[in-house]
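In the two complexes below, chain A is the common chain; its partner is chain B in one and chain C in the other.
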Partner chain A sequence: MSQDIIYTSTSDESFKNRSTGYEYTVGPKPSLPDECNRSPLTSKLYSESLNTKRHEVSLSAMTFLFQEMISSLHKECKTVTEFETKLSNYGESIGSRLLELLNFRSSISPGSSSRTSTFLTSSTSVLSSQTSAPGTNANYTNNTNNNNGGGSTGNGTRSRSNTGASSKDYASSIKTSNRDSSDRHHHHHQVESLTSQISKMRRRDLKILDILQFIHGTLWSYLFNHVSDDLVKSSERNNEYMIIDNQPPLTQFISGPNNRISCDYFICGIIKGFLTNAGFRCKVTAHEMPQGQFENRTVYLIQFDNQVLEREAIRFDQP
Partner chain B sequence: MSRQQSINSSQTAASATAQSPLSRSFKATGEDVWKRTEKINAELFTLTYGAIVSQLCTDYGRDFTKINEQLFQMGYSIGVRLIEDFLARTALPRCQDMQETSEALSKCAFKVFLNITPRVTNWSSTKDTFSLIIDENPLSDFVELPMDAMEQLWYSNVLCGVLKGALEMVQLDCDVFFVSDILRGDQQTELRVKLNKVLKDEIPIGED
Partner chain C sequence: MPQYFAIIGHKDNPIYEAEFSIQQGNQKNLGFSQELKEMNPFILHASLDIIEDLQWQVVPSNSQYTNGNNSDNGSNFSISSTGGFLRSKTVNNTDNCYLGKVDHFYGLAITAYISYGGMKFVMIHGTSNSGGSNTSASVVIDDSACRSFYQEIHELYIKTLMNPFYRAGDPISSPVFDSRVRSLARKYLNK
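Showing the complex of A and B:
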């Protein structure tokens, strides 16, 4: 049946000429007039749960892919700066996704657990997940849309009075939208839902230190299975912070200090994408600072825009 | 008579198990090596691959034929280097036939690198072509293709390149290609491997 639907939509010439792919204004699956009366497309995306499955691949598979990404960038870039910017862009697209994903996963209420997730080794948050919750589906796209509706102007402008009550509404509205989607895709009824385990959304981090803690703890644990080795504030400039990794796993097989540090810009990009999407505009650079036994020790230097500091001063500094 | 029967039955039993110890050893090797392998979050892998494909889509102006080629090419250069890593980890001997190769691919190679075990099916009558059914593809988690890409893009085409490159390095000249992909609305993701010929171990020019 699904094949039939695809045939219809893709054979429509007028649509084909108009479309350049994903229609951001319409959503993931624009519905055509003749599609309205049909049952909706089976989309794997909607039936997939955002629950942590904690799947793993081998580090070599990841580094082979990473290396191939770098070598193809190497061919097309003429300067180091160009290379670093492009690599960082790759990371940014990942970081911006992780912001939403990790915020949802960190919102799982500990009470709804029947098994403890191994997703975090960080001591700062305890995550847990339910083994089965039939009937509902996690719907990432819907969630994100909802999210944008809730705070479209970004975290910076969300009021401080956004306490429990409103975030509860927010979470329940997500639930509702999810139920809709699960009704439409009812045939995938055995997927665990992430949102079914969230009774209250985790408040977004509005302070610089809070979000940096989140990166240092949750993001790093998610990416590399351990918290970052240090989070430091610069003593000279008050807009600079440093996240330190003693042994960056992805770039460990790359030789030559200068080459290696350029490749760390992938991680810089992830950090930057994460922060920028959370409303903290910044610049992230990688620096090599060997210390003792850690020859590959890398410092990710985060320089926030002045506007971020000004905002923080206005909102949080008591007179 | 009764003795002969017992001999016969023991023979058939032996021939029936002739293949399974082999495939069991592939399975055991794969699982054993996987346990000892350093691992990383599969979602980071998925997202990184996604970033690569979407960047290619921009770079090549959504010319999906070229993108398929490029992904294959990337895979190929991974494959020719990855085989070393694979052999070093598993210390597998040379496969005797394609049946063994298919088992090694599914139970060892895919297991060791991606922690999945695709099903081997659809053998051709000449036993030189088979399919790998990939039920769980870590490359395409959370992926949904836009409509224009659905027709032409083989999203996980990098895998074809990897297999092509790796098999070529062990003297197996193969064609590797996708015949269906769940992302395109197909029932299953099927990767086909077709042996063209077994290459001869050639001495590099000027070596003798």
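Showing the complex of A and C:
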């Protein structure tokens, strides 16, 4: 990015419309008169719906991918800290994306969902009923029913690479709606944009506790199909909070407590990316704390920066 | 009336910019004047401080002046008085993504929206003959249309983010994104 030449002025005609998209070296492209007549460009990425689709990634496939990530990192990293940092960075980019996606999905009013089952059958029912597309609430109840809190036992983690999984679903929805071209068009139109279903956007979380609750509930349900086992505030230090998972599903096949904890830094990264992008700067570390029958019980320790606490004190702690 | 829209990232870097202007038949382009075109990024960046302040307010609107029984009233009163009086009054105060009108600059109005990940969507609304400096009438903003526009853009932005090859904070150069944004602008802003 920094190597590119920044052209001085937007008025330079020779660079106008050099590319069809936004060119940051040129500046904003003004609307052109012929644009109204041009047929809209199509793209799978943008014509898909962001709505909740119920598909799971099998645990074995995810573990295989995770294993590859870890072994490639093992080759290139010299110290444990370096390994943990890099693995955490992988997670961060996921966390920052989930922050936007999950909050947006929570904004969809529950009234707009008329169905409980959201897989495969969904596209046909969208065609018949005008109300379109599943809401998040239906899906969460589904999740909690399937998995009553005690950690998923081979049920598989949910899709992390969203695009890969969703393109599959897109294909299936097209297949079912191909029967009638007018129906298909209708379907296409309805699914594309969710804004019409949103009466009120979910509020951005401004307080530490609010956003931690969201991680504890919504984020964990999305990733692991159950809420996290506990959310604790440290009694010793003001800026420390803990999210506890009795049986981390992703690292359950990794032997040796120290190795396993290092690999849990992937989840730490997801939490960190989520919080940092929402404006809560923090450090997240994983610790092992076996308790009773749960030998793999993992504590994700979140240490917020001082600036976060200061802001909270200024904004919210007034009498 | 023309608009200048931009998405601003965490480091105050532009992620995306666009100008919308109406075309009425064979009339001349009713867009921003050339000087204003070059001023727009500066005007927009000047409002970022106000947006960052409003970002952390419980009720980011000036309705708290009239609404005395708000529990957080005491803490926000002094803070919001910097940007509060500029804001449009019809903003639904339970929504803290859409901030409504946050600033103005010689008759231009500036509206803003903050995404969950802290991306700032900002727009300058110009008057139809903003080239002349003698226009004192400020722009009237249709809040509901504006909010819908921002929400649609937010959705498009999330879709961009779902692309694993897109790194958060990079400029969005996709022509599809560009054309979608423009058609949304036609739909909501230039009726």
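Methods note: the second predicted complex is superposed on the first by the 200 of 319 C-alpha atoms of A that agree within 3 Å, B and C clash if a C-alpha of one lies under 4 Å from a C-alpha of the other, contacts with A are read in each partner's own complex, and residues count from 1 in each chain.
Rule of thumb we're sticking to: a residue touches a chain if its C-beta (ideal position, glycine included) is under 8 Å from a C-beta of that chain, and two chains touch if they have at least 3 such contacts.
Computed from a prediction, not measured in an experiment: that's the story for all the values here.
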Of the partners chain B and chain C, which touch A:Glu68 in the superposed model: first, second, both, neither?
-> first
Which superposed partner A:Phe316 touches (first chain B, second chain C, both, neither) = second
Of the partners chain B and chain C, which touch A:Pro249 in the superposed model: first, second, both, neither?
-> first
Could you tell me if A:Thr195 is touching chain B, chain C, both of them or neither one (first, second, both, neither)?
-> second
Partner chain(s) touched by A:Phe224 [first = chain B, second = chain C, both, neither] | first
What's your read, chain B or chain C touching more residues of chain A?
-> C
Would you sort A:Arg97 into first (chain B), second (chain C), both or neither based on which partner it touches?
-> both
Touching A:Leu206, do we find chain B (first), chain C (second), both, or neither?
-> second
The intersection of the chain A residues contacting chain B with those contacting chain C is 9-10, 19-22, 28, 30, 43, 45, 48, 93, 97
As the complex stands, chain C meets chain A at residues 4, 6, 10, 14, 16-21, 23, 29, 31, 34, 37-38, 40-41, 55-58, 72, 74-76, 92, 94-98, 114-118, 148, 151-152, 154-164, 167-168, 170-180, 182-183, 185-186
Show which residues of chain B lie in contact with chain A when the two form their complex.
-> 34, 37-45, 47-49, 51-52, 54-55, 57, 62, 74, 77-78, 81-82, 85, 112-115, 138, 141-144, 146-151, 158, 182-186
Residue positions on chain A within touch of chain C in the complex are 1, 9-11, 19-24, 27-31, 33, 35-36, 38, 40-43, 45-46, 48, 50, 93, 96-97, 99-101, 103-104, 161-164, 166, 193-195, 198, 200-204, 206, 277-279, 311, 314-319
Please name which positions on chain A make contact with chain B in the complex.
-> 2-3, 5-6, 9-10, 15-16, 19-22, 28, 30, 43-45, 48, 54-62, 64-69, 71-72, 89-91, 93-94, 97-98, 140, 222-225, 249
